[in-house]
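Two complexes follow with subunit A in common, the first pairing it with subunit B and the second with subunit C.
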Partner chain A sequence: MIEILSVTGPASVQDLGRLDQYRFGVGTSGAMDDVALRAGNILLGNDENAAGLEIPMMPFKLRFDRDMAFALTGADVDAEIAGRVIPPWWRSHAGAGDILTIKAMARGARSYLAFSGGIDVPMVLGSRSTQFRGEFGGWHGRPLQPGDVLPCTASTATIGELGVEPAEVTLARPNADPDETLVRVVVAGEYDGFDAATQELFWSSSWKITPQSNRYGYRLQGPAVKPSMPIEKRSHGIVPGVIQIPPNGQPIIQMRDAQTSGGYPKIAAVIRADLWRVGQARLGRMLRFEQTAYADALAAEAEMSAYLDRLRANVGLVEETRTCR
Partner chain B sequence: MPIELTDIARLAQILERSGVDTIEIEVSGQSLKLVVNTGPRMAASPTLAAPATDHSVIAKADVAGHFLAAHPWRDKPFVARGQRIEAGAIVGLVKIGVLYAPIVAPAAGTVDAVIAETGTMVGYGTPIVRIRPLS
Partner chain C sequence: MTAPDRPRISLLGTSALLFEAPGAFDLPHQRRIWALAATASKWPGIREAIPGITNMMLTFETPPREVDTLIAALNDGWDAAEGLAIGGREIRLPVTYGGAIGSQLQSVAEHCGLSIDDVVAIHAAPLYTVFALGSHPGYCYLGGMDPRITMPRRQTPLQRSAGGSVSIGGSQTGVSASPGPSGWHAIGHTTWTFFDPSWPTPAALAPGDTIRFEIEQVIR
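Entry: the complex of A and B
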């Protein structure tokens, strides 16, 4: 078991999401940076869908009540276990009573903690993710509070320390401006409702992530992007990644806790391979959209899968080498 | 049975561990010659030619890959000359594919020298950091 000692902001239990309930209007939830959660789980030999903690604000502190392996991935943070510094994207071992402290977040927006065996909360509608909107799943359907004691199915087997090259390093975009997150998108249903000059404005502008941004969606600030004629649509199905243009012309990117339907015109949608980059873009950071063809979106997804495949293969080989000795 | 990539990796590890630098095998029409590059180790050895009174301990790599003195997200290397470190402290990383295996200090002490150069290929037993133990 692990006990939450200190938490700032809405930290939550998340797995890869509740993917099969969309038709009933139940959103996906799930880790905002799914690549980081997968990487942590692979390092521990867990099912990649095992539940971990998503921590969006520091400081954060928890105590292990038994020996347990854990992995810290996602944002770049200053973290310590029992006084030892934990490097980024790292698997380590905690002893009973050890305290893990995450003090500051130097880059990125969300830190992930995976535990050997995963957090053992009940599956609700096929997932252990916290559904904030419906207040179910995860730990009693709510953000974590000090004093919460979360059950883990951890084995106490000791495994050695090991790190992973962060996804941001392996999957770095060429020529990306370090002060901006470049996000690949495909155009969406109502793109043609915007005239050429407005479309160009959408592509050429830097969009600031406003403080009204969270797991539900990111509200962006920049020049007003408005359709040539007002577009009024009935509510229809939308998915995480869809970029809507409300009447004020300021884009909204729907994220993991988004509603499953909406009526605003959709100008574009973030490709799946870049959703984690948006999830790691913090408040105040600038985003820029890059138009991408469907085939290139699939290629980007294959590149992301290849990173995880390599990680799986490399972990297997290193464990085998260590066992041989 | 054909020779698999994993067999080659395993053979390379065995070679490194046993200090043998070449092996040739033939299996059902296939032939394989493996030569282990002992360059870095030889280059490192003069640094290790220490006086008999030297009680230095050496932090060594325990897996083959590329040595990284610093994490790519950090400007500062894990350790620098003159730094006090505890036993078990991470003194560098070996990059294997997308993994980073830690190289740890076998004893507490003061860093005398970082022997390996970042980016170079290291193998099992390659000396990485020389430490003057606390006495």
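Entry: the complex of A and C
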């Protein structure tokens, strides 16, 4: 078990999400940076869908009540346990009573903690992710609070220290401005409802992530992008990544806790291979959109899968070497 | 461009696709959507087929290599779809119109050039059909609203609206099942339970069910 000692902001239990309950109005939830959560689980030999903690603000502190392996991935943070510094994208071992402290987040927006065996909260509608709107899943359907004691199915087997290259390094976009997050999108249903000059404005602008951005959606600020004629759609399904343009012309990127349907015109949608980059873009940071063909979007997903496959193979190789010794 | 009498099919990134039927926002079109969704949900690679308002979203198990094949199947499926008449149950929902939660009742009345009593009477008159579930857990989109009380969605969505809000968004109406962000205008509220994840089917209502709003109170 682990006990939350201090928490800032809405930290929550998340797995890869509740992907098949849309017909009941239930969105996906799940880790905003699914690549980081997968990597953490791979480091520990867990099922990649095992539940971990998503921590959006620091400081954060927890205590292990027994020996347990854990992995820290996602944002670049200053973390230490029992006097040891934990580097980014690293797995380590905690002794009973050890306190893990994450003090500051130098870069990125969300840190992930995975635990050997995963956090053992009940599966609700096929997932352990927290559904904030429905107030179920995760830990009692709510953000974590100090004093919460979360069950883990962790084995106590000793596991060696091991690190992997962070996704943002391996999957870095060439020629990306370090002060901007470059996000690939495919155009969506109402793209043609915007005139050429407005479309150009959408592509060429730097979009600021406003403070009204969270797990529901990222509300962006920039020049007004409005369709040639007002568009009011009949309500239809939407998924994380869809970029809506409400009448004020300021885009909203739907994120993991987004509503499952909407009616504002959609100009584009972030490809799955880049959604984690949005999840790691913090408030105040600038985003820029890059138009991508569907086939290239699939190629980008394949590249992301290949990165995870390599992690899996490398971690497997390390275990094998240790066993043979 | 798609011909006006043909469906519109567009991508929602790489994880889903949207099918929009041509024609009116009415029950016959919605019944064809239900039929198409029942068919498409069985196709390989499709995770779910989710009816919307005379439209349908397909989510992918794995994104198709060839979108064209899927588009052709959807077009054929729509042409072949006979209306699926779902015989649902009828629910009576007591509504308090106006008040703190239904604070937009006056704005809707002004926008539509009607009195508050007219808006309430017009809203409570029809037998509504649940066309689709969506937005948030257990939320029902209803068909059958009188177009006289149509009001466009908000310029900027609200960060939080109350659970149980009875709202109007464009030519649609519905009742929220829990508090959360909304781009609609709340004109009243109800205290019914629409969703419980521990139920065998977590949503209380399903497409094809019908709702009648009963005027419990009007707060001016």
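Methods note: the second predicted complex is superposed on the first by the 325 of 325 C-alpha atoms of A that agree within 3 Å, B and C clash if a C-alpha of one lies under 4 Å from a C-alpha of the other, contacts with A are read in each partner's own complex, and residues count from 1 in each chain.
Basically, contacts are C-beta pairs under 8 Å (C-beta built on N, C-alpha and C of every residue); 3 or more make two chains touch, one makes a residue touch a chain.
Treat the numbers as computed from the prediction; the structure is a model and nothing was measured.
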Dominant toucher of subunit A (residue count), subunit B or subunit C: C
Touching partner for A:263 - first (subunit B), second (subunit C), both, neither: second
Contacts of A:113 with subunit B and subunit C, given as first, second, both or neither: neither
Which superposed partner A:271 touches (first subunit B, second subunit C, both, neither): second
Complex contacts: residues of subunit A adjacent to subunit C: 19-27, 124-125, 131, 133-137, 185-186, 188-189, 192, 212, 216, 230, 232, 234-242, 246-248, 250, 252, 259-264, 266, 269-273, 294, 297-298, 301
Contacting residues of subunit B [partner subunit A, same complex]: 6, 9-10, 13, 17, 62-63, 71-74, 88, 90, 93, 95-102
Subunit A to subunit B touching residues, read off their complex: 76, 84, 87-89, 106-107, 161-166, 169-170, 307, 310-311, 313-315, 317-318, 321-322, 324-325
Subunit C to subunit A touching residues, read off their complex: 1, 8, 10-16, 18, 20, 25, 47-48, 50-57, 59, 63, 65, 67, 132-139, 141, 152-157, 159, 169-170, 172, 177-181, 183, 195, 197, 201-203
